[in-house]
């Protein structure tokens, strides 16, 4: 029994930040997700689509509506979304209104504390984690960070420690 | 509801190979698992124990008996074992005799195709994957590789491609 | 004949930037120079001293006076200074007033376009370069970047390309 | 005054070893030198040519004759050769018969203790070092390792420590 196909939506976040060597700033360009999947020798049937490439502090209600709409129209019932950690909890709440536990879609949001390009990222670990949880968790919206999964609505990011916590 | 504590047994394998710069050979020394868990910002309640540090081609029946015994005496019901990929399937079979699906232990074996120390490893991805599957899969013995999980007894490593396949 | 001892002064710059995972900013903490020298298996008799740890855009006349003073009081006649690339040319000019070609000190400034911690730095290459030039160039003040050396006063950083050029 | 053009000959060695993930062995494929030069933002006028791609323990007299011949026919008077460290001293001796200090070619051999692909190599440091020494040292044959240069005939590799020493 092959695993169900998974849809992977990219929205940006620390995952995909790069270093601009001309002015020393951090910026977004192309996503590193395909390279990370290759590095992880990921064998899942997986289609990747970039929805936006932004810092999640700048994500608007319209951006979130677009994410909901894309999840709705995806043929796959299993969806992973890469997202900045600063407002991941907020986006998860918006998604959980549209995709309740009584539905048939399992949606995992994940992110990174350190850019993948900076060589010391938690991104590869989190990506492996989110792609695994999404295959086995029941329908609903979750966050996968720090090796754990959290049902949306019961999780916050601790701003002092950078760690996600259940409450 | 905090996740169940997880026991992590280290047996060596490509995961932990190092490069000997004096003679150009590959060898084992200390495990990189604690460093990898730190890098992944893993927040699970997790205790790590090194059982052996060997190439899995050299693993004996006595070594496998030791692994079974350690899984049996572990207080945790959720166990991840890092293991060389060459004989991971064989060890999974031995474990599944001792820990059937009707039991209460969930055991995941995982490994790496490229040493973590070589900077381009799939190990971090696989570790995130195995630690996630172990939290949600029902009792039994599984292999986590290539972003998938495989029930023991229904999986082989394709020697030509290095990829794990269900059959 | 053993090579002359070398003094290495650290002033910060991109070389030593780190990523703050709590707010996504870049900042300075400890220098990576000792780790880089270890990685390069550098066998030179070398003493490292951190003079400041700043972005070179914020370097003041007083900071430059301190660098001159430290070069003057150093017992070694061969000195390498790590420095942000944005004002490296300016500091080299200040130093060349104090340490002319007719003197007996050879001073090399070097830097990096990408932080060492970001895993893809030119810093290790430039460090190997500066430590080599400093052993063989005659007295005077130079910049070592892009695999070349430039006498102070005949070099500028091209802001569009990030490359150092002789003029 | 632009720096003289440099010829870079690649012969293999630890510099260019890769990890074969199917059988766990180390092997040679393409050289990493162009990538390393890009990473180092090297701006020298430089032409790279691969002469062979071997472990230096397997280098024959015919291989060394080929290296001598290629150095002789190179238009450039400044040449860097990447080479395995195990027999680098021997090749330097052969070269120094053909290219004495009274000649007009400056030849630097360099290598690495750890493969570049393994993410923790001294190769980038040594490459920056050799490319710098070659621009300023007088004619003759030298080895550049550990941040130092050694005239051929006065250097050995310490097999216990992996460090190059003058004698």
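Going by the order they are written in, the chains are A, B, C and D; count residues from 1 in each one.
Here, a residue touches a chain if its C-beta (ideal position, glycine included) is under 8 Å from a C-beta of that chain, and two chains touch if they have at least 3 such contacts.
Note that this is a predicted model, so its numbers are computed, not measured.
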Any chain in contact with subunit A as well as subunit D: B, C
Task: Determine the shortest chain-contact distance, in steps, between subunit A and subunit C.
output: 1
Task: Just grab the chain with the largest centre-to-centre distance to subunit C, centres being mean Cα coordinates.
output: B
- line: Here the gap between subunit B and subunit C, centre to centre from mean Cα coordinates and rounded to Å, is 45
Message: Rounded to a whole Å, what is the gap between the Cα centroids of subunit A and subunit B?
response: 25
Field: subunit B and subunit D: spacing of chain centres that average the CA atoms, whole Å
entry: 40
Query: Which residues does subunit A have that touch at least 2 chains other than itself?
result: 113, 119-120, 162
- prompt: Which of the chains touch, listed as pairs?
  reply: A-B, A-C, B-D, C-D
Query: For the complex, which residues does subunit B have touching subunit D?
result: 14, 17, 19, 21-22, 24, 26, 55, 113-115, 117-120, 159-160, 162
- prompt: Residues of subunit C touching subunit D in their complex?
  reply: 1-3, 36-37, 39-44, 113, 119-122, 124-133, 135-137, 144-149, 162-164, 166
